[in-house]
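First chain A sits with chain B, and in the next complex the same chain sits with chain C.
What follows is the complex of A and B.
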C-alpha cells in the first residue's frame, strides 16, 4: 500500500514542481529524490513496516513477490532517470509533466503487482496505459510521434474493450471478480460446468493481455509505436511497462496454479504463441537497418522468452520472471540511453564507436551480450531460468530447442551492433557531449549486469532471505 | 588450491593487462603471468598434492564451484599452460594495435580453457566453455585478416548454437538427478533409459562435434584458422579443439554409454570420411595456414574415430595424442608465422629454397614435419601407434581406410617442406634471413619435447591411466 499511495503522491508533486521550479535539471533531481522515497517506502513494506495502511476490503493483497517486483521496477526506473533524465529535456518543454506521467505509470505497476480481483486488475491496466498514450505523443511537432500515439491509443482502447468484455463475461458466469472462485478453476480446466461464458471470457482476457505484452499475433502495434515514440520513452515502454504487463499476466493466469494446473490445451495455445512470437520478433529484427527499430522487434522476441513463465509454472518461474525483468530492463535501458545520444540511429551510425567513445562502446557491448544471453552476464541466467522452468515442467523439449535456436538468431542481429562498434571503421558521432557522470553510471550498470551474471544470488538472495 | 590458482592467475592478470597503457608492458606482463601459470601447471603434476577445490557458488540452483584434476585434466592443463608462454614468446616481435586488449583477451581465453579442463560441475563447465569462446571471438574479429568479420561470426554462431543445445542437455540431466545437482558425480550416477540417452546424447555431442570439429560440421574451421591472427590460431588448433575431445571423454561417454554404443558406427564413419577428405584437400593447398588447418582436421578425425571405438589402448593413445598434437601443431604455426613475418607471404608457389638462407629453421621444421606424420622417435608415433591399435581391434576395414590418411599426411607434409625449403631460390626468399633468437629458442624447446617424449613416452602413458574425477 505504501508504494501505491506514494507513487500517486509523487506524480502530483512532480506536476507542481513544474510550476515552482524553472530549472530543468532541478526537476530531474526532485524526481530522483521522489523515486528514492518511493523505493524506501516499498522496502519498508517488504520488511513488514506499513507506514500507510488502508483497508482495501480484500481488493488488494500484498505478497513478497509483488513487492520485490516493485523494487526491481523502481530501481530500473531510477537507473532510467539517472541515465536518460536529461534526454527528456530535449523532447519538449514540459519535463515535469513527463516525470509526473511516469510516476502515474508506476502507480499502475504497483496496482498490477497487488491486485486480488479482476476489478483492480482492470484499474491497474488503465492507470498504466493512459499516461503512456500521452508519453508516446509527447514529441508534439513530430508526425511520426503523433501517428504512433494515435495508433497506440486506438489499438490500446480496443484491447481494453476486449479485456472489459472478458471480465464482464467471467463476472456473469461466476458472480465474482475474485481469482480464487472455484468456477474460475473450472473455466480454465474445461468447458463443462460454467457454461460457455467463463471460458470465452478467459480467452478474451488472454488475448488482451497478449496485446499488452506484444505477443504475436497481437504485436502489430509494437514496432510502430516503439519506433515513433521519442527514444527516451520507448526505453521506458519496452522495459518497465512490458515487464509489469508480464507480471500481471502471470499473476492472473499462473499464480493460482495450485488451484488449476496448466492443462494440455492451455499449453498448446501457449506453445503456438511462443513460437509465433519468437519467429516474428527474431526474423523481422534480422532485417532492420535502424537500431531503434531492431530493438523494437527484439523486444517482441524477448517477450517470447518471458512467455515461458506462463507456459509452465513452478518455482523457477517466479525467480525467472524477477531475474528476466532485471536483466532485460537494465540492459535495454542502458542501450537506449546510449542510442538517444547517437547522431544516427542506423547500424552504420555505430561504426567506430570504440575509437571515439571507448566507455560507451564497452558498456553497450556488455548490454548487448546480456540481451543475447551470453554467460557471465545477467541475461544468461534470465534465459537459463526460463529454459529450466520449461524443462522442469516436463514440457516439450521441442519448444526449448526452438527457443534456443531463435536465441542464436538473436545473436546475429545483436552482434551486428557489436561488429559495427568494434570492427568497422567510421566516426560514430554523438549529438550531445557525453558527461563523465553518464559514463560512470553506465559502468556501474554494466558492472551490475556482470555481477548478476556470475552470482545471481545477489539479486534473488534479497527475495529469499 | 592449485586448480583455483590455475584459473585465477590468468583471470587476474588479464584484468590487470587491460589497464596497462604501454604495449610492451602488456606483452611482458602476459609472458610473466603465463609463465607463472606454467610453473603451477608443472607443480600440479606431482602425485601427492591436493588437487581439488570446492566452494559454494549458486546454492539456489545446486551448482558448486568445484574443480578437480585427474590424469586426463593434467595432460590438458599442462598443454594449456605450456602453449600460452610458447605463443607469447614466439610472437614477441609481432606488434598488435591496442596490445593491452590483445594480451588481456588471450589471458582470458587461457582462463576459460583451464576452467573447461578443471571443472567438475556441469554448469561451471558450461560457463568456462563459453568463457573460452567469447574472447576468441573478439581476438579474431579485431586482429584477424581481411575477411575476419564474416568468418569469425560464422565460427561464433556455429559454436554458440552448439553450446545452447548442450545447455538444454545439461538442464535435462539436471532435472533427472535425484538431488538436483550439477556435480559430475550426480551425472555419472544417473541411470538413464535408452530413449533418454538417445535424445540427450545428441544435444551434447553436436556441441562437442562442432568444437572438434568432425565432418560435416567442420566448415567453419579452415576459414577461421586462416583469418585469425597466428597467435590465436595456435591456441585454436593447439588447445581449443581439444576441448571437444576432452568433453567427449569426460562427459559424453560416461553419461550416455548406451547411446554411445548405438551411434558409435555413424560417428566413426563420419570421422574417417572427414580424415580422408581433409587430407585430400590438404594436398591441394597452396597456403601454409590452410594446409595446417586441414591437416589438423584429419588428426582430430582420427582421435574422434578412436574415441568411439571404445578400446582402452586407443583411449590412452588419444590422450597422449591430444598433448602431442597440440605441441606439434603449435610448432608448425610458429614456423608459418615466422615465414609470413619475414617474407610477407604464405604461398608455396612464391617460396622456395629457404633452407639455403635459413638452415636452422629448416632443420627445426623438418623435425616438426616428421612429428606431424608420426615418424618413430617423435612424440606422435606412440600416440598414433596406440590409436591405430585400438581402431584395428574395433574394425579391420575402418582401421585400413583410416591408415590411408597416414600416407596422405606424409604426402602433403613433406610436399610442403620440399616446396618451401628446397628447390630453386624464389624471388621472395632471395633476401631471407635466419629466424629471430626467440623463435629459435621456442622451437628448440618444442623439438626437445617432441624427441624427448618420442624416445621415452612412459610418463605420459602413466598419466593416462588415472582418469577418474
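What follows is the complex of A and C.
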C-alpha cells in the first residue's frame, strides 16, 4: 500500500513542482528525490513496516515477490531518471508533467504487482496504459510521434475492450472477480472440467495481455510506436512498462502456488506464440538499418524469452522473471540513453564511436552483450534461468533449442552495432556535449550488469533474505 | 408472455439491428445516430434489470455527451466517399475470416454454456442496481478501487493538458 499511495502522491508533487520551479534541471532533481522516497517506502513494506495500512477488503494482496519486483522497477526508473532525465527537457516544455505521468505509470505498476482479483487488475492495466499514450505523443511537432500516439491509443483501447469482455465472461462463470475460485483454477490447469465461459474469457484475457506485452501475432503496434515515440520515452515503455505487463500476466495465470500453472492446452498455445514471437522479432530485427527500430524488434524478441516464465511455473520461474527484468531493463535503458545522445540513429551513425567517445563505446558494448546473453553479463543468467525453468517443467526440449538458436541470431544484429562502433571509420556525432556525470553513471550501470552476470545471487539474495 | 418479456425481446432486436446498421451505413453521421439507438436500447435493458442508476448514467454519458462529441467531430471532419480510404480485398477477406472465427466462438459459447441454459435475466426483481445499494457497495467493499481509479482520471487530465497546451 505504501508504494501505491506514495507513487500517486509523487505524481501530484511533480505536477506542482512544474508551477513552482522554473529551472528545468531542478525538476529532475525533485523527481529523483521523490523516487528515493518511494523506494524507501516500498523497502519498509518489504521488511514489514506499514506506514500506511488500509483494509482493501481482499482486493489487494501484498507478497514478497511483488514488493521485490516493485523495488527492481523503482531502481530501474531511478537509473532511467539519472541517465535520461535531462533528455526529457529536449522533448517539450512540460518536463514536470512528463515526470508526473511517469509516476502515475509507476502507480499502475504497483497495483499490477499486488492485485488480487480482476477488478484491480483492470484498473492497474489502465493506469499503466493511459499515461503512455500521452508520453508517446509528447513530441507534438513531430508527425511520426502523433501517428504513433494515435495508433497506440486506438489499438490499446481495442485490446482493453477485449480484456473487459474476457473479465465479463469470467465474472459470469464464477460470480466474482477473484482468481482463486475452483472454476478459474480448472480453466487454467485444463480446459475440460471448467465449463465453457471461463476458458473463453481467459482466452480473451490472454489475447489482450499478449497485445500489451507485444507478443507475436499481436505485435504489429510495437515497432511503429517504439520508433515514433520520443527515444527517451521509448526507453521507458520498452523496459519498465513491458516488464510490469509480464509480471501481471504471470500473476494472472500462475496465481498462487508453485504447482499451479498453465495446463497442456495453454502450453500448446504458448509454444506457438513463443516460437512466433522469437521468429518475427529476431528475423525482422536483422534487416533493420535504424538502431532504434532494431531495438523495437529486439524488444519483441526479448518478450519471447520472457514468455518462458509463463510456459512452465516452478522455482526457477520467479527468480528468472526478477533477474530478466533487471538485466533487460538496465541494459536497454543504458542503450537508449546513449542512443538519444546520438545525432544519427542509423547503424552508420555509430561508426567510429570508439575513437570519439571511448567510454560510451565500451559501456554500449557491455549493454549489447548483456542483451544478447553472453556469459559474464547479467543477460546470460537471465536467459539461463528462463530456459532452465522450461527444461525443469519437462517435455519441451524443442522449444529450448529453438530459443537458443534465435538467441544466436540476436547476437548477429547486436554485433552489427558493436562492429560499427569499433571497426568502422567515421565521426559518430553526438547532439549534446557528453558530461562526465553521464559517463560515470554509465560505468556504474555497466559494472552492475557485469556483477549480476558473475554473481546473480547478489540480486536474488535480497529477495530471499 | 408478460409485458416485460415483450419489452425484452423488442429491445434486444432493436439493439442488434441498430448495431448492424452502425456497420452497414455508408454515411458516418448515420452510423453515429444508430449507435445512439444502441445505447438507448441497452439503457432499456438496464431498466428492465431494475438498474435505474446505470440506465440513466448510460443515457447521459454515452448517448448524450460522448455521442454528441462524436457527431461534432465527424461533421467537422467532413467525411465523404472521396476521402474514404479504399481497403484491399485481402484485408476484407482476412477481416471477415477472423471476425467470423470470433463470432463462431461466441455463438457456440452461448449455445453450449451450461451456466446459461435455462436461466433468465432477473427481470423486474433484484435490488443490487438501485442507487442506494450501488452506493453502499462502492463506498464499502469497493472503496479501494474507487479511490485508485482517481489516479487514472488524474493522469488522463494531466495528459489532456499536456497534449492540448501550445
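Here, the second predicted complex is superposed on the first by the 452 of 465 C-alpha atoms of A that agree within 3 Å, B and C clash if a C-alpha of one lies under 4 Å from a C-alpha of the other, contacts with A are read in each partner's own complex, and residues count from 1 in each chain.
Going forward, a contact is a pair of C-beta atoms (placed from the backbone, for glycine too) under 8 Å apart; a residue touches a chain by one contact, two chains touch by 3 or more.
The structure presented is a predicted model; accordingly, all values stated were derived computationally and were not measured.
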Chain B versus chain C as contact partner of A:202, first or second or both or neither: neither
Chain B versus chain C as contact partner of A:319, first or second or both or neither: first
Contacts of A:133 with chain B and chain C, given as first, second, both or neither: second
Touched partner set for A:387, first chain B, second chain C, both or neither: first
Dominant contact partner of chain A by residue count, chain C or chain B: C
Chain B versus chain C as contact partner of A:404, first or second or both or neither: first
Chain B versus chain C as contact partner of A:56, first or second or both or neither: second
Which superposed partner A:415 touches (first chain B, second chain C, both, neither): first
Chain A-facing residues of chain B, complex: 57-60, 126-127, 130-131, 134, 138, 141-142, 148-149, 153, 156-157, 160-161, 164-165, 167-168, 171-172, 174-175, 199
Interface residues, chain C side, partner chain A - complex: 105-106, 108-109, 112-116, 140-145, 148-149, 151-152, 154-156, 158-159, 161-163, 165
Chain C-touching residues of chain A, taken from the complex the two chains share: 4, 8, 11-12, 15, 54, 56-57, 59-60, 92, 94, 97-98, 100-101, 104, 107-108, 111, 119-120, 123, 126-127, 130-131, 133-134, 137-138, 140, 169, 172-173, 195-197, 200
Complex contacts: residues of chain A adjacent to chain B: 319, 369, 374-376, 384, 387-388, 391-392, 397, 400-401, 404-405, 407-408, 411-412, 415, 419, 422-424, 455-457, 460, 464
